Amino acid sequence: MSARPAPAPPARLTRWEQRTEVPLFAAGLIFLTGYAVRVLTPHEAEPWNDIALILVWSTWLLFLVDYGARLRLSGLGPRFVRVHWLDTLVLLLPLLRPLRMVQVYLAVQRRRDRPRLSLYARVIAYAGLTAGLLGFAASLAVYHLEHTAPDASIRTFGDAVWWACATLTTVGYGDVAPVTFWGRAVAVGLMAGGLALLGAVTGSFSSWLIQVFTREDEKRPPERG
Amino acid sequence: MSARPAPAPPARLTRWEQRTEVPLFAAGLIFLTGYAVRVLTPHEAEPWNDIALILVWSTWLLFLVDYGARLRLSGLGPRFVRVHWLDTLVLLLPLLRPLRMVQVYLAVQRRRDRPRLSLYARVIAYAGLTAGLLGFAASLAVYHLEHTAPDASIRTFGDAVWWACATLTTVGYGDVAPVTFWGRAVAVGLMAGGLALLGAVTGSFSSWLIQVFTREDEKRPPERG
Amino acid sequence: MSARPAPAPPARLTRWEQRTEVPLFAAGLIFLTGYAVRVLTPHEAEPWNDIALILVWSTWLLFLVDYGARLRLSGLGPRFVRVHWLDTLVLLLPLLRPLRMVQVYLAVQRRRDRPRLSLYARVIAYAGLTAGLLGFAASLAVYHLEHTAPDASIRTFGDAVWWACATLTTVGYGDVAPVTFWGRAVAVGLMAGGLALLGAVTGSFSSWLIQVFTREDEKRPPERG
Amino acid sequence: MSARPAPAPPARLTRWEQRTEVPLFAAGLIFLTGYAVRVLTPHEAEPWNDIALILVWSTWLLFLVDYGARLRLSGLGPRFVRVHWLDTLVLLLPLLRPLRMVQVYLAVQRRRDRPRLSLYARVIAYAGLTAGLLGFAASLAVYHLEHTAPDASIRTFGDAVWWACATLTTVGYGDVAPVTFWGRAVAVGLMAGGLALLGAVTGSFSSWLIQVFTREDEKRPPERG
């Protein structure tokens, strides 16, 4: 969010990013799928559980390689870690990768010259998709961390999704809620990240609705000229 | 929300839509009433329960006929399903029909040359009425799905309405909450749809209040000129 | 919220309103105090409980007289009930009177030429005070309706205030919540009215904060001219 | 929030404020740390518990001296208490000091000519940091007040932090909630203060996102000219 225009990245970095965009998007999807299979199938369910584990680690290695390459090509040295703090965070917590995937998805769709969406619709699409994917990732993580806790109220994946929806919309029934330290840590992350995104959805929808009504007014001849 | 101006619909489609507007509005009301009677009266309460069932299915057939006619007249072929996705969704989940009914209600009222409301008031009226009707429909559906579940906390229709109000305003006490899969699915839909509408109400009210106070300032002679 | 400018009210009505403004404000305070004493003291606590009852009814009679006088002076006849629907509602549910009292309070303060507050500060003051008074009135009403219910969770006035705060801010813990029909009806009213007001507070605060930061920027010489 | 430009403060007051800015910031940190140690370590844990108590009281004395000096230098006399009501409140409830500390932190960082942040980023940083510190202070206070209550649900500091996060984001699960009078009083303060700040974060994020998308549009050549 820096106001001072960042220096243009080296041309080789830009090229790298353009070429890796789609593969990394696919890797993100594979990572999420692998993690979902790993979490949702019982450990004895050979061989899917093992394959999922291998997929999760190999896609993460891909993310690491990409991070290293971009660090190299940027010419920033160790400063890269701090300047691109969001990328560093996403590398360490790969469940946050949807944040980047949705961006790529919308950018690719735009280039394909699909019917362009209005500004508000794109904000809603970006924030809504990101919130949805983050909610799905958080459901997986919370289910993973909670369902074996002795006094857990989140016992099935359905409970976890239900909890994530109630949290993202700030309804917060509290009929199911995480009880372990790490489960609550994920929950706080979901609240912080998700609320901002939902705020963007709500704000954009409200602005769009007002725009629609304003346009309707303009179509009709003025009556009180 | 497409920014690219859609091609004008064929004149016959427009005429069809204008003629069916009011009958469909009435059909929507009958559908909701029929569903309410069906859900709220015991199954033995002959003949009302049977009449309600017939009303629900026949109005739904009307919606189907209207959908087919518009698909035909639009000249879009199967693309109609995707382009008018909201209409398709409302056909499949007719409890969402209030979304369209409120639009018609406000349009008709405007044509009758009633005292026109300000922009904000119309947004509030549209979003508030839609939220109210959706909340009513969701209460019916959740009561229908939940009240026979073994460990349900929503046992009466009053509980369901209370739950819907607490959900729509994101208060979410959690003293009553759905426990079945389909009950929770309806709840997530209510959260997603309702929050956006409530956001529009809150945003418009806030803008309107600021406008009122600004106008008050302008009426008074400037003191610090 | 009509956009069409309302016809100017008759001069006699305007004069009546200006003269009764302060007495009605005092009557509103007395009504609230009387209701609070009536609800919060045991019925045996003579003579305070009886005095409070008399105060409540006599101030309400005052409101009725004022309503009748304004209906008369307006020259609108029975249409007055519908045009001034908010006044009608406040007459029937006098606990909503704070909506009008805060308006008068701010108007009087402005006339006294106190240091004028900025637009945002006035919106915040209006909405915050109204929300506070409505919350107080709702706490009284909910305590009155709930504390004798067999399975009530709101058993003391402190519980009722705590519940009202959690409701107005949409936090909604649900540790205490109304269980009777009328208690829940008051709760829905508090949600609906309060949320809009709180939305106005939040929105104004946010706008004000952005204004403050913008002004700070302007004070500093531009660096990137 | 006065719209009437306040008279410029005396030069000596301005100089005092500039010189005490950094020491008071450090004192605020020491106060918070001392309070945290005092609350989180058992009373028998000598000598840390005693040192913490001394730190808390001596930093508060510093705040008192600073308040007295500014009251003196301002030349306002007793009116200072009312005009600078926020400072008075922060003196009486020193856990609110983060409100002032974050302001100083951002001001100092700006003077050091760090890469300047955009308007929205600064609002988010200010409101987010303040909300975080207030939440931390409220967690400490609520843990302090609640963990010895007979029927408390907040029994560990982790519970208190979890509760504060759920409250600040208005999720409000209600699985843990304060039950004592003073614990609830702190909670109401956190709701009131925190919500406004969170509203500012959400609003700014939403505006920033829309700005980003708008800029993206401008970069691309217009297609529908």
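When the chains are written out, they are named A, B, C and D in that same order, and each has its own residue count from 1.
Here is the rule we use: contacts are C-beta pairs under 8 Å (C-beta built on N, C-alpha and C of every residue); 3 or more make two chains touch, one makes a residue touch a chain.
Note that the structure is predicted; figures quoted are calculated from it, not measured.
Sharing over half of its contact pairs with C-D by residue number, the repeated interface among B-D, B-C or A-C is B-C. In this structure, the chain pairs A-B and A-C differ in their number of contacting C-beta pairs, and the larger number is found at A-B.
Here the spacing of subunit A and subunit C, counted between their Cα centres, is 42 Å. Between the Cα centres of subunit A and subunit B there is a gap of 30 Å.
Listed for subunit B are residues 4, 116, 119-120, 166, 170-174, 202-203, 207, each touching two or more other chains.
Contact topology of the protein chains: fully connected, every pair of chains touching.
By the touch criterion stated above, subunit A contacts subunit C in their complex at residues 4, 170-174, 224.
In the complex of the two chains, the subunit D residues touching subunit C come out as 1-4, 116, 119-120, 122-123, 126-127, 166-167, 170-174, 177, 179, 181, 184, 187-188, 191-192, 195-196, 199-200, 202-204, 207. On the side of subunit B, the complex with subunit C involves touching residues 115-121, 124, 158, 162, 165-166, 169-175, 198, 201-203, 205-210, 213-214, 217, 223.
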